[in-house]
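Going by the order they are written in, the chains are A, B and C; count residues from 1 in each one.
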Amino acid sequence: MAPQYAPSLRSRLAPLLLCLQTLFIIISALYFKNRVTVNKDDLRNFYSGEFLLGGRAQKMKNYELFLFAEFQDVNVMVILGFGFLSTFLVRHGFSSTGFNLLVAAIASQWALILTGVESWFSAGRITVDLKSIVVAELCTASALIAVGSVLGKANPVQLTVIVLLEVSGFVLNEWLLRTLLKVRPLSSIMLLHIFGALFGLTLTWIMYRKGSEDGFEKEKFDRKSGLFSSLGGTVFLWMFWPSFNSVLVPDWTPWRKLGAVSSTYLALAVSAVTAAAVSVLCSPKGKLNLIQMQSCILAGGVAVGVSMSAVHEPWEAMAIGFTAAIVSTIGFKYLKKHMLLAYECHDTCAMLSTHGLPGLLGWLAQLVLQIKDCDDHTVATRFAVFHICTLFITISLSVSMGFLTGFLIKWNFCRPLQNKKCFDDQAFWEFPHLAAHK
Amino acid sequence: MAPQYAPSLRSRLAPLLLCLQTLFIIISALYFKNRVTVNKDDLRNFYSGEFLLGGRAQKMKNYELFLFAEFQDVNVMVILGFGFLSTFLVRHGFSSTGFNLLVAAIASQWALILTGVESWFSAGRITVDLKSIVVAELCTASALIAVGSVLGKANPVQLTVIVLLEVSGFVLNEWLLRTLLKVRPLSSIMLLHIFGALFGLTLTWIMYRKGSEDGFEKEKFDRKSGLFSSLGGTVFLWMFWPSFNSVLVPDWTPWRKLGAVSSTYLALAVSAVTAAAVSVLCSPKGKLNLIQMQSCILAGGVAVGVSMSAVHEPWEAMAIGFTAAIVSTIGFKYLKKHMLLAYECHDTCAMLSTHGLPGLLGWLAQLVLQIKDCDDHTVATRFAVFHICTLFITISLSVSMGFLTGFLIKWNFCRPLQNKKCFDDQAFWEFPHLAAHK
Amino acid sequence: MAPQYAPSLRSRLAPLLLCLQTLFIIISALYFKNRVTVNKDDLRNFYSGEFLLGGRAQKMKNYELFLFAEFQDVNVMVILGFGFLSTFLVRHGFSSTGFNLLVAAIASQWALILTGVESWFSAGRITVDLKSIVVAELCTASALIAVGSVLGKANPVQLTVIVLLEVSGFVLNEWLLRTLLKVRPLSSIMLLHIFGALFGLTLTWIMYRKGSEDGFEKEKFDRKSGLFSSLGGTVFLWMFWPSFNSVLVPDWTPWRKLGAVSSTYLALAVSAVTAAAVSVLCSPKGKLNLIQMQSCILAGGVAVGVSMSAVHEPWEAMAIGFTAAIVSTIGFKYLKKHMLLAYECHDTCAMLSTHGLPGLLGWLAQLVLQIKDCDDHTVATRFAVFHICTLFITISLSVSMGFLTGFLIKWNFCRPLQNKKCFDDQAFWEFPHLAAHK
């Protein structure tokens, strides 16, 4: 007979986190450097200086200002948006938010180290500035998308292993694309939606449990938790997505940066309207579905993000948002159930239709728009070949990393959850009689 | 006997939204242009360029940076603030937030088109940049204020018609004021509070239903939903209002822009304290009322926004905030009930006392301050006449558009809600046994 | 027998707030000036000018832009973060959020006046701009930390008196440190965590009530309110803390400013991971505790903020975050109960372990790092003496102001709450049958 209680994680989680964290600090002590090295004299002046010296003020660069605002927005999206998107599960709110924050903190430190490996090879040190933190947060977003597929079915030890491997795979993918195909970061990092969704899907397929065909006992949502997740997650993602998509546009083309913001806004507005329309159309009683809308109003942001480097006119963004919302809404309606029954693949947050399909659509849109812009036939063909190779490498890597991770975390050392403890906060959180706050 | 179920919107809402959205995309494909037209050569350089080229970087203008930060803040206010202000209705949370997002997405696209009509006449195309999106979002805010009065009593088809007509009326009003009276956008667009509130009031008066004198059966709030709305709506509006009021101050007077931010902050702080004091004073038991405070702590922001172009010293803003909070709190206490009983006008979110009265107060404050600043008697009189005409045109237009809209949406085609289905999420949203998340 | 109902505050709170607010407005009318005095001619041009004049545009300074973004972030932290951190009390949600906003509005106006006293002495007027508002908000943050210790046990009249005295003490402390020891604002204002926590602790010790050894009857939290507070408070504090710590770094060292942002981010990420690990380790069943994690993942931000001027390398920030999280988590686990039983000191929001201990750790870290950087032995010793004096003055002043305030608010005039009305919204808020929204 299975044990009554979820296995204690005390002997697994605590050492794992402490070791990881100590390791990160040691690496940072050895190799991290702030971007600007300050010499001793400057420092002395700094300490003795008055507060508002005005005088020999060093001028702040414009792009630094912009970066600051963008960092804050991306931070909000990654921590709040992706974290609270999944609080719709009524008995899993603590875990959804708490574990998301935890794995985001781990993933962003790990990504900061991995993205710096190259500069460590060449210069012997890893430069840390806001730019590198923003890139690390984008890698974290990719990991959080993957985590969305297995949420509720994995314990924090497993989640930690998952994000470490996902981020490694994603950084490797970016490096491969850059080295082999000279894909620019704007395009390769924005593939995070496709990479994360496919990684998560493979993972949840490997982790499939007998007896979950009809969903899990505690996988429910109610009015309050639905509303909560709608506030916390979706609306914040919706609002800050323009910054998310514009952050990788190079600073020396400010018109492109602001254009990316407008395009994303328009695509999101279009996909909100379209998702509502299709959602009503799909429902026999003509009613809306909150969870469906939550996932699908974001489709435009995903698709435009992936195709950002090729979107130049507002109508292109709007058309992409329109198509993405239709694909995503229909995918949500019919694909999620189908994936579960036909392929034994239980996708908690429907990441396939939220990030996977719109991401693929964005990739396709980029291909079409880029070819349309080309005058020369040879250039167009060459671009198409490169673009298809990009997708192929990304898919292969994400699926194979998903496989690898899946087998690793099924290992008994991680103390996987029993079926009946899935989607239950009480497996991991103290509820002292649900009462006294000590 | 009335039907048991709310009439299905499948055959109304879906085609309406899809047609509208397709229309918007077609218009954008024909006439929208990004602000900067990029020539092919630049693009080619862009694609072949390295990510951090540093070199021939085009400098981002300061005002573009500022605009980016302001766009984000206004976006938060419009989507989150106005959307979640109305989640205090316990059985109407899904609709309040979902429909607000939906109509905001429709209204902002429509406003983007309408505000561009003039440039389309002259230049044959509509320029889309962050500035025009921000202006469109301000028009959307006006529509959301109008929607606040009829919330819970109108279905999404009606709401869509309402925002389309409200935005049309508001843009027409701005055009009239600019063309006839040479009112600057800073003043004319900030009349959005007055326009929206009066439009909504007229509308809800036309839509009055027999049997709703004592409020609707399901028009309730509880502890949780009140708290939720307080977090989601009020506090976000309170926090981001400074950006909302400063966004229209011209960029070539940065000291005015930062002054607008400080003034709004002070006015909001004063009105929070004053609203609490008056709220306690009005209550026989000396208790506070959450919904009342929610509405009234924002009064200072509304009033200072409307009178922004005449507020120069901090104490002026503070005095306006003080008066606005008193007017708004007393209005909320006595006017809402009175409007319902005496004028058969059911104002769901008390938009009259939240936006209407403080808006009118702001208009008055602007008149007084402007005249005080004038040395010349003739100039002062002339200004007063112009200022009164401004208000007169705004009121006439908003009331008449409200009438028109009201008659239009009472038409049976829209399938109005029965009384007992008002303020009920279940009329529009799927609750599959309030359980399984499929 | 004690009265059934909480004593009405009508005759206390309303006059107090109105008098205070009128006083503030009068002071502002007499002495506040906007930073830029505008002459009449400029104004006339401004009014007659077209909206987008482009031409004689005054260039906005970079630091003004930065300030705008930072003001918004600090505002979010103070109003939303500190306000919603304490909604975990299930029957005290309205009061936690409402009173926090109220006292924040009072405290920031009072701080604006007090921080301007010096310039009023020298120049006869108090300059109000975004910078001074940001400093006033930091003083407000210190008052809100103090309020966190007595939350639920004090009525709004008492809270108002507390914040007025706390802010006075804090501004006095900053002035003393600056005048006597030439401590720069970056260091002295960041002591707000230590000052606020010790002030609150002394206060709650003086206000100790017989019969509260086992906690109060209504001091409970539940799943929903815990989740709510976790969303509203902690995550927002976590996200915007980088801006909070960077806001006082002088504008003429932009690299330091961006460095402060990165350092704080890293420290927060490290302390999130560490807090989770230690939390699991402390629990016999190996489970996490939400309230504990909420408090402790912020410890890194506090500690790095206090030691900001001495943190130069990423690993230093990470190591500080690591230590702070361990100290804070262990403090939360064992100290709160101990303080209550051994010292009769009931600390509602555990401000000692959230702000007090990490603050002291940050002070220590600054000392160690600064001495490590010194080449000269004499300079190091001198710095150490100064640094210890700084802490000594801060602690003495906060404790003595706490004593003073405690005795003042125990005075019967304030109508203190009975024990059984503590932590109960119904003492102060109307719940009309918990139903009809009038």
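The criterion applied here is as follows: a contact is a pair of C-beta atoms (placed from the backbone, for glycine too) under 8 Å apart; a residue touches a chain by one contact, two chains touch by 3 or more.
These numbers were taken from a predicted model, which means no experiment stands behind them.
Annotation of subunit A and subunit B: jointly contacted by C, touch as defined at the top.
For the touching copies subunit B and subunit C, the fraction of interface residue numbers used by both falls below half; the interface is of the different-residue type.
Fitting subunit A to subunit C on C-alpha positions gives a rotation angle of 120 degrees, to the nearest 5.
One inter-chain figure worth recording: subunit B and subunit C are separated by 32 Å, centre to centre, where each centre is the mean of the chain's CA atoms. Residues of subunit B in contact with two or more other chains: 62, 65, 69, 224, 228.
Taken together, the subunit C residues at the contact with subunit B in this complex read 8-11, 13-14, 16-18, 20-22, 24-25, 28-29, 32-36, 38, 40, 43, 46-47, 49-62, 64-65, 67-69, 71-72, 75-76, 79-80, 83-84, 87, 93-94, 97-98, 101-102, 105-106, 108-109, 128-130, 133, 156, 224, 228, 232, 425, 428-431, 434-438.
Here subunit A touches subunit B in the complex through residues 62-63, 65-66, 69, 73, 88-89, 184-186, 215, 219-224, 226-228, 230-231, 235-236, 238-240, 242-243, 250-259, 261-262, 265-266, 268-270, 272-274, 276-278, 280-281, 283, 285-291, 293, 297, 309, 312-315, 318-319, 322, 336-337, 373, 375, going by the rule given at the top.
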